[in-house]
Amino acid sequence: MDVVDRLLGKKTTEGNGHLPEDAGLITDAASLTAQRTPWQSVQLARELRRPHSIEVIDGLFEKFQELHGDRGYRDDPAVVGGIAELDGVGPVVVVAQQRGSTTEENIARSFGMPYPEGYRKAIRLYRMAEKFHLPLVTLVDTPGAYPGPEAEERGQAEAIAKSIATMCGLQTPIVAIILGEGGSGGALALAVGDVVLALQNAIYSVISPEGAAAILWRSATEAERAANALKLAASDLLRLGIVDGLIPEPAGGAHTDPQATIGAIKSALIVQLDRLGRIPIADLLAARYERYRHIGVVVEPLPGAVPVAKKEPFWRRIMRPA
Amino acid sequence: MPFGRQRKEFPSHLWTQCPTCGEMLFNKQLVRNHNVCTKCDHHFRLGARERIELLVDKGSFTEHDTELTSGDPLGFSDQKPYPVRIQQSQAKSGEKDAAICGTAMIDENAVELAVMDFDFMGGSMGSVVGEKLTRAAERALANRTPLLIVSSSGGARMQEGTLSLMQMAKILGALHRLDEAGLPYFSILTDPTTGGVLASFASLGDIIFAEPNALVGFSGARVTSETIGEKLPKGFQRAEFVLEHGFIDQVVPRAQLRDRIAYFLNAFRPSARDLRWSL
Amino acid sequence: MDVVDRLLGKKTTEGNGHLPEDAGLITDAASLTAQRTPWQSVQLARELRRPHSIEVIDGLFEKFQELHGDRGYRDDPAVVGGIAELDGVGPVVVVAQQRGSTTEENIARSFGMPYPEGYRKAIRLYRMAEKFHLPLVTLVDTPGAYPGPEAEERGQAEAIAKSIATMCGLQTPIVAIILGEGGSGGALALAVGDVVLALQNAIYSVISPEGAAAILWRSATEAERAANALKLAASDLLRLGIVDGLIPEPAGGAHTDPQATIGAIKSALIVQLDRLGRIPIADLLAARYERYRHIGVVVEPLPGAVPVAKKEPFWRRIMRPA
Amino acid sequence: MPFGRQRKEFPSHLWTQCPTCGEMLFNKQLVRNHNVCTKCDHHFRLGARERIELLVDKGSFTEHDTELTSGDPLGFSDQKPYPVRIQQSQAKSGEKDAAICGTAMIDENAVELAVMDFDFMGGSMGSVVGEKLTRAAERALANRTPLLIVSSSGGARMQEGTLSLMQMAKILGALHRLDEAGLPYFSILTDPTTGGVLASFASLGDIIFAEPNALVGFSGARVTSETIGEKLPKGFQRAEFVLEHGFIDQVVPRAQLRDRIAYFLNAFRPSARDLRWSL
């Protein structure tokens, strides 16, 4: 089904009605079999050997050229971005969070937790994509924004907010992909898109399971219980309309066959960008607005008062309890 | 009862001790002074309804979206099921959720006003708060009026998981449209404004006010402190500290807040020749 | 003469053809009598008792409300800005450099030398003026941008450049007033305007006389000589087309009668803003571009190749040696 | 003679000693290697004409505004009159002033190219540099081509006083128009890029490259050092230091510079469907 149809809210019987068949994506949550538990997903998403952003970028693109700096304070190594060539699509801007595969790399990149200057670098590159009419691809993989005092002092909250707001209005197609761990606002700052995809074992949560356990059960050992309750696994996100499709991973997880995983990401990305590229920018921005506008569950006794379209496609529906 | 929270902290129903100066304050007098210590200007928290009364022209507030309540999309249960928690909070606070929105006049300027309510589950933002704030922004856009949001929140509501997180993008999408239309958005930070609320709409006002000594921070001080394993700088995450670091326009005592907002509403109001707000 | 005429390049016999008579401005450099030496101007411009920005703001405007912060690092006390009401004009955005009148204040405000965050606060307020269609008034009074290593590390050059570029394209009228010392790029970052005025004893220079002396004569004691050579006095700036008019000071200098000085600034400002406010923004930006486009002196043997308008008003003329 | 400056530092006409590794380098070989030490990759300065040859498609450079020279608007004289200084610099360098501008092809992309010449009065920017760079930007806008500026400058030219300062605004005004039109501007920082040049066009490229170890700073290190009265951090104001602080996209060795520019020129070139450059 064409994305243009999706913009018009048309439905088809194939798939869940908005993502093309040939992407190899999982778009119907009901079709997921042999699922892992959420806690197993948490562990797979954090697996040290899991392909991280730089490895994925190297596999997805030709000739990646990294660009540095926020033009204000520092170049943050936890955020990697630049220009890359994608087969059949052309040049794109890519912005990613990079966690390490070793302790040394993790220390150098603050465990993939960006500082404010990381988000400000991201914003600068978003604007570059807009100026030069290049599609934007983001790769999300972070435990969250860095929580240290310098990050607070330099405006972690402001940087995240501005990054989200910039993506909301950015006049170029955006595909965001949750690679591993999507930790809270620090992940969302890279994850506002026209299409949001997740690897099959990725997670995306408002708070880490450990954090939630400490607050809700007053015990960090209840993390598994929190992971279940938070519905942070990719399959849950698909059901909730937060992601539009899942990119299949090899049976043992992405790290057991990085090449196959990256291949699956690449084919999904090419199909999405090809289609998004044909949509006039004004329509794209309207659809992006509606995408987020309709996420959430509210109960309202006077449904006539709810200002939402009557006919919504599945993935844009306000979920309501029956 | 405006003193739901303070009463818990201070046993007497008649008196409240000021945590800053130690003065014993007669509750009725404290309410008359909008919950500010009459001796040292310590700002106690103020309920959402009292906040609205403080800010708007008398009798001008028309509430919207009064019937919106939370679903339970995750089937969430910690110590108790989420729907029970909601019901208990509703019973205790008399509010449906953690934000009250409506149209009002401030110094004869029509505005959309949204006030978060810390008494309702710590002012946490789930789908209802996200929906109400987004509708408020959309009304401001439709009516070409300024928008004011008074924040008071611990952050996103865990019980709605990633759906709560998405409310940040939803509200910011609406605020972006307001900004493009040239309409002013005022963000007013009260104690506490933290987490996902600060990391979205609260940080992006055209003008950002904060109340004295309000806690304003992204990460919990506990988390931050553990991250560095040492003591935090003095005044860390307090309004005055955040002002010095460049993220707040003014720290405004509660007694002056209404007039200060009115000043900027008037300054930003388009002149007769300028049709931009009256689409 | 109306500014609209000036945009059209029309000339009149009154004044120098672009600034209104009633402003009390000095617009004809030849009319200046009993001038001070440049070195005396340098000393007057730096006079500790000279009215500084906050005093001037308090005298010029009703109800000034200061706004703080750059939304990135810090609130710089060397730059003061906010919203103020001007009689007969309405609300304006004002941005100023503030040096101290005492040693304590000078230390607190780093002697009026902004850090990068000071310029970034200025840029934020420029954008606010643009968004809300408020005219921008800037007051320039600085020895220069702060030259310390932290300022370098946080991008002093980038901040100045961005501030200048932002003013070049800002879609609202700008009046810049050199109050005292206009020190190099650190001053220019607040001084791009549709109309640039200077107090009669202000100075505006590419380098401080002391700095020039140290480099050119290898002796800081040659500062007076350098001040003469640099043509940094307000009367020179008027002759060179760098400022559009001089605001008269009391005979003994601005500090001998601050009230009269501020009164003169106020009447000049009201007249200019009133007229600028009637010009469509596109015309204003075109005129602002041309204003700077034609500053400078070049010799070109093939004048046909110079891409400048044939008929230029005095104040937009490329000066050429005879 | 490409080695005007190095020859002064190193007595031999045949050999040059590398200040980094101490190697004695045969001058002809050094020229062939674009003034980069063949042993340790130390980057000597490169003349403007050699820089153009290094960057553009062979034979594609058409110079513009060749006859522009300085006036003496201030009647400036220090150790010698400014016009004499200009004449001597012209005689020594064979150039009319401190910038060379023209149209060229880079990897078959038409570009406007401006290269500053440090050998001409320290690459200082007066009215001529300002005028030539502004015209280059205006040509880029008129022809819908990218603009490249290679900086090498001690800053504004004191001998033209405040008129030199105004060139910053003049060029930035033109660059602003280029930016609004969606055309790319590349800023290439070479040793040294300081003062008013760094504080204007050099800092605002869509892409900013610097050569290894190039001095990149606003204030002279001497001034900065005196300001704090202590030693400056290691690598202060060197390209790699400035990269870490977020103001440079890439530090690119000279041998790769042409290909790197070509990569981004191609990436930013509008697709066939995209008419934005071909007004």
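Some notes on this structure:
Order of writing sets the chain letters: A, B, C and D. Residues in each chain are counted from 1.
What we mean here is this: contacts are C-beta pairs under 8 Å (C-beta built on N, C-alpha and C of every residue); 3 or more make two chains touch, one makes a residue touch a chain.
On a predicted model such as this, the values are computed, not experimentally measured, just so you know.
The fewest steps needed to get from subunit B to subunit D, moving only between touching chains, is 2.
When you average the Cα atoms of each chain and compare centres, the chain farthest from subunit B turns out to be D. Centre-to-centre, using mean CA coordinates, subunit A is 41 Å away from subunit D. As a whole-number value, the distance joining the C-alpha centres of subunit A and subunit B reads 29 Å. With centres defined as mean CA coordinates, subunit C is found 48 Å away from subunit A. Listed for subunit B are residues 179, 245-247, each touching two or more other chains.
Across the assembly, subunit A contributes residues 71-73, 154-155, 158 that each touch 2 or more other chains.
An unclassified topology is adopted by the chain contact network, corresponding to no line, ring, star or complete arrangement. Every pair of chains that touch is listed here: A-B, A-C, A-D, B-C, C-D. For subunit D in complex with subunit A, the touching residues are 179, 182, 184, 206-207, 243-250, 260, 263-264, 266-268, 270-271, 274, 276.
Subunit C meets subunit D in the complex at residues 145-149, 151-158, 160-162, 164-165, 167-169, 184-185, 188, 192, 204-207, 211-212, 215-217, 229-232, 236-237, 240, 242, 288-289, 292-293, 295-302, 305, 307, 319-321. Residue ranges on subunit B touching subunit A, taken from their complex, read 65, 67-74, 76-79, 126-128, 130-131, 134-135, 138, 156-158, 160-170, 172-177, 179-180, 195-196, 198-204, 217-220, 223-224, 227-228, 232-233, 236-237, 245-247. Listing the residues of subunit A that touch subunit D in their complex gives 63, 65-75, 83, 85, 90-91, 117, 121, 128, 131-134. Those residues of subunit C that touch subunit A in the complex are listed here as 71-73, 116, 120, 154-155, 158.
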